[in-house]
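For reference, chains read A, B, C, D, E and F in written order, and residue numbers begin at 1 within each chain.
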Amino acid sequence: MSRQDSRRPDQLRPLEMVVDYLEQPLGSVLYSQGKTRVLCTATLDERIPRWLRDSGRGWLTAEYSLLPASTGERTAREASAGKQKGRTVEIQRLIGRALRAVTDLEALGERTLWVDCDVLQADGGTRCARALGKAGLSRALTDSVAAVSIGIVGGELLLDLDYEEDSSAEVDVNVVQTGAGPLVEVQATAERAPFDRDALDGLLDLAESGIATIRDEQKAALDAAP
Amino acid sequence: MSRQDSRRPDQLRPLEMVVDYLEQPLGSVLYSQGKTRVLCTATLDERIPRWLRDSGRGWLTAEYSLLPASTGERTAREASAGKQKGRTVEIQRLIGRALRAVTDLEALGERTLWVDCDVLQADGGTRCARALGKAGLSRALTDSVAAVSIGIVGGELLLDLDYEEDSSAEVDVNVVQTGAGPLVEVQATAERAPFDRDALDGLLDLAESGIATIRDEQKAALDAAP
Amino acid sequence: MSRQDSRRPDQLRPLEMVVDYLEQPLGSVLYSQGKTRVLCTATLDERIPRWLRDSGRGWLTAEYSLLPASTGERTAREASAGKQKGRTVEIQRLIGRALRAVTDLEALGERTLWVDCDVLQADGGTRCARALGKAGLSRALTDSVAAVSIGIVGGELLLDLDYEEDSSAEVDVNVVQTGAGPLVEVQATAERAPFDRDALDGLLDLAESGIATIRDEQKAALDAAP
Amino acid sequence: MSRQDSRRPDQLRPLEMVVDYLEQPLGSVLYSQGKTRVLCTATLDERIPRWLRDSGRGWLTAEYSLLPASTGERTAREASAGKQKGRTVEIQRLIGRALRAVTDLEALGERTLWVDCDVLQADGGTRCARALGKAGLSRALTDSVAAVSIGIVGGELLLDLDYEEDSSAEVDVNVVQTGAGPLVEVQATAERAPFDRDALDGLLDLAESGIATIRDEQKAALDAAP
Amino acid sequence: MSRQDSRRPDQLRPLEMVVDYLEQPLGSVLYSQGKTRVLCTATLDERIPRWLRDSGRGWLTAEYSLLPASTGERTAREASAGKQKGRTVEIQRLIGRALRAVTDLEALGERTLWVDCDVLQADGGTRCARALGKAGLSRALTDSVAAVSIGIVGGELLLDLDYEEDSSAEVDVNVVQTGAGPLVEVQATAERAPFDRDALDGLLDLAESGIATIRDEQKAALDAAP
Amino acid sequence: MSRQDSRRPDQLRPLEMVVDYLEQPLGSVLYSQGKTRVLCTATLDERIPRWLRDSGRGWLTAEYSLLPASTGERTAREASAGKQKGRTVEIQRLIGRALRAVTDLEALGERTLWVDCDVLQADGGTRCARALGKAGLSRALTDSVAAVSIGIVGGELLLDLDYEEDSSAEVDVNVVQTGAGPLVEVQATAERAPFDRDALDGLLDLAESGIATIRDEQKAALDAAP
């Protein structure tokens, strides 16, 4: 099976990161992976959740949203519906956990670091592009963190699924790793068929090689920023 | 009084319009006016409001949002709060009215044209940048429409207020005009001091000259698009 | 074109103001303009918005509502729907701005003055009747403020549109003026056709004459109150 | 113990009913009982609840609200809070049940009769004034219905409690009766002390005499209406 | 008319109470009355409502819910709908009032006692089973309290209606009594036909005998608990 | 390190399943694992989501809730707050995915199977107990499915974490497997420290042995049910 855009099974789509895309927030990065385009920003808030008062520690919260037109056919705005969808909630919790794994909350002090990921255009892998995108914020973080999606499509193990591939995947996996190597999060879901331990191992290998590439690009983008 | 960025009182900030910024929606434009940056998109929905069924006419609805980090200090996401703020509601109703004034709803057929304006970075004049930005959508519209903000700051009549100027304005005015000339909307509000008919006239003159400039830039951006 | 109720184009509908209609609130007025009947009340709240704490200044907030049966055919209660409609939000923001323009917030002290306008029966001009109605509260205010609606119907400039006229108006304008003369708010909207500067001037002339009449009636009503 | 306003224990406050207070709704009555003033309206809606479709029967729904300033100190508007309070829900369910008891839902046909009770000023007994107020709507109803509040205050059985009395009552009772005599609803609540069967009997006697008076006034008001 | 389960008109369904059904909450009881099964728990919260601060008194709040499958056909979860239904609000207010009538709020101190009643399976009388169920909490209360439903079905006065009977009752009555005897709450509602004073008397007699039985069972269950 | 309740690292807490605990729903099971007690029910709804109409396929939706007192200290009821928490949303999506993996949606027909999991008492592993608990529903399912939580606590790999262990785990893993063997979902999260591939392998081994035990108990419970 050949991929729609002629990529090899273990090949990422073209990456682009514009660090400090905006002037006003503490940090920002416009992250593109193929047609997927995500704007990630970091802002600080002097308030913290009630349960952390007088703890000497801060908190990191992530929020995620698809702009209405990001999906081609319009997706209703959650602010108009009055509540966030289950998928949104699930994704922003994943991003938050991934980033807290490389954040020194004591060093942050009693403040909240908000990471907002707004998808301007979606073509698969938005949750990974997001976790990734925070490259631009790594100055506030203790280590870098990167993520990829991998999956089984038509029996074949593929790296970095686009929307078409994601829609027909039998198994869908997201992996988050720190710059130093170990795993932060593994979410493997049987969308159409259960999977065995061997397949899981093959997918994790593929993830590791993709993440190594992303890590290099992150470093280059940050080095290039003023 | 000289302006922070050395502009003349009747001078607009630098404009930039990237038509078809996104591949997937029907239409899109990334509009910048100074530091203000707004992404406007147009999408079509086959459904219409109940009160228009079997009328042979379509509808145009606008929605507006500030991304959380667009304001430098973070603004809470309305989807998390569960409702839109009064200011948001007021602005999106204004955009909708302005665009419907140049839309042929019969020609649209029984469909809804959604215009979404998401402010990536805000530095004054976002409601005008938005109304304006729809330039990129004008292919679906019968005429173009443009808007500027003008105001009285420290007794002086100024065109295209930035955030600093807007915050200290005595009078704040938004004007929307069609490409063909006549007015679509005038909203003049005394923020700190009432104003008289002469001042209103002076502000409307200033608006007209600003809108003429914007109209030329719109035309140029659309001509340049593939 | 003659008006349904035989009024001249520059004639207001009959006005009636019952000052101190209720015994319990700080201030109240039952305001009628033709069939439109609005109950406006003022109450004081010792709390203020967070951003005004320790500022030495107070705040004025307006809220507006149509009673369900006020429109003949029933309008759903916003408390049941769980949120206010866009039109409601827009109107109450207009009323708030108009009244703050004539309120001395320092003199008020760190308290909130609530102005509630509940429309018992609606027949056009409710937003103006409301802004107006606050006559009864002017004891807490530094100056009076009055408002009228004017519009272009069938090409003719008319003062004080009723529901029928409002529904078919090409241009709809609301003007708020202080007792001392200058303008507080001008909102001119092209409902069906754009308008030019000359038409706007003619409408503002009409507004001024209508407001002068209302100002006299306000004064008479307040003088008559015990 | 003598009552603040010198009434006898078994005496109602002065009643006033203005039938057809508004021109536009199907029916309306402005009902006053002492300082308590309630505007009740009836409107018809061609839609019915889903579970009644094709049943040949209609429905009657009541909604209730306190205007913000009706209580002297301002009560927050439920539409702003985004939901109705428990007390509101409980009261409007009581009103709905009482009125359905005297409504011929088959005769109504597949439509919904909305009864809205908005309290302009509250001084005790608003839930009874409301049930009562529907006198003005009795043309759409098969029988009349009336309600009173009675209670035990300082050990004494009193008819028609005002706000002061209600606040200090040991036992609070609402009784609804049809014009033809029998009971529709009895709600007796121990606010401060449990009560025995004898006290309940005494209170029901008091209620009956009060309701007889109200029934006469209802009839007079309806006869007087054009 | 004979009852579906061959009970006499004045006979309760079989009662069962498992005191301290859960290990973790302050108190809990699993209460069954026929097929109706309700889990009631008590927990303490150190916070109190704002209006009780520095009063030296605590508060008791009850909340009630039907589990989705408790009704056989699924009832939508109120947390998903985003608001509680009118019936839920009405019931939990009744439970709260009944329990506060036998609670010494001064002795409780400035804390809130939460009573949660979750219906695992519903077959009529859930509101009574709930009020009743609190038997298990009586250690925190000054007296016991018990409740029954009675009604008129097919002209006959019946004790402890099941779902079938409740659905076709002409009159539906809930009575709450303290252990010491007097009444706390009487709610009598004409569901299909008004009722007279004699019928009400007969129903109250039936309630008293049922409550006496329940009181004995409560005592036995508490005595049996470790 | 020895476990609080003297279990071996690879030992489950005592399991108990009461199949058909309720009479009214289609299926129900009261599932206990140590102190954790979860009531799972299945009900059928003839409606399906809009996007499945005329597809010939049904849907399975899961909803999850903690009863307020289940956590010892009271957790606010989500129906009162007006929305579900992020954790709730995430868990119910996991349960839904796990069960859909073993459900034949074509065989179900155009209907929705609702699975409701209400936690009566929580002591760790509630999300696994839930996925598991559906044993009782397996008659409607094509295969069984079981889940366990495993984790790293103080450097040691442990099966079936209780609340204490879960609160201090460095790594927290949930695994769902079908009866026939393969994996349905793996969610591994670094709560306090990243983990490597070897640790993940060890945890998956532990999960497999625990799931084998649970599968046997499920089978026994179903065989024992009438």
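Note that a contact is a pair of C-beta atoms (placed from the backbone, for glycine too) under 8 Å apart; a residue touches a chain by one contact, two chains touch by 3 or more.
What you are looking at is a predicted structure, and each value in this text was computed from that prediction instead of being measured.
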Per the touch definition, the chains contacting both chain C and chain E are D
If you take the mean of the Cα atoms for each chain, which one ends up farthest from chain C? F
Which of B-C, D-E or A-B has the same interface as E-F, meaning more than half of the contact pairs match by residue number? A-B
Hey, which chain ends up farthest from chain D, C-alpha centres compared? A
Of C-D and B-C, pair with higher C-beta contact tally: C-D
Centroid from C-alpha atoms only, then distance chain A to chain D, rounded to Å. What do you get? 58
Approximate Å spacing (C-alpha centroids) for the pair chain A, chain F: 27
Chain B residues touching 2+ other chains are 82-83
If each chain is a node and each touching pair an edge, is that a line, ring, star, complete or other? ring
So in the complex, the part of chain A that touches chain B is made up of which residues? 22-25, 28, 35, 37, 39, 41-45, 63, 65, 67-74, 77-84, 88, 114, 116, 118, 120-121, 123
Using the touch rule from the top, collect the residues of chain B that touch chain C in their complex. 83, 86-87, 89-90, 92-93, 97, 101, 177-178, 180-190, 194-197, 200, 204
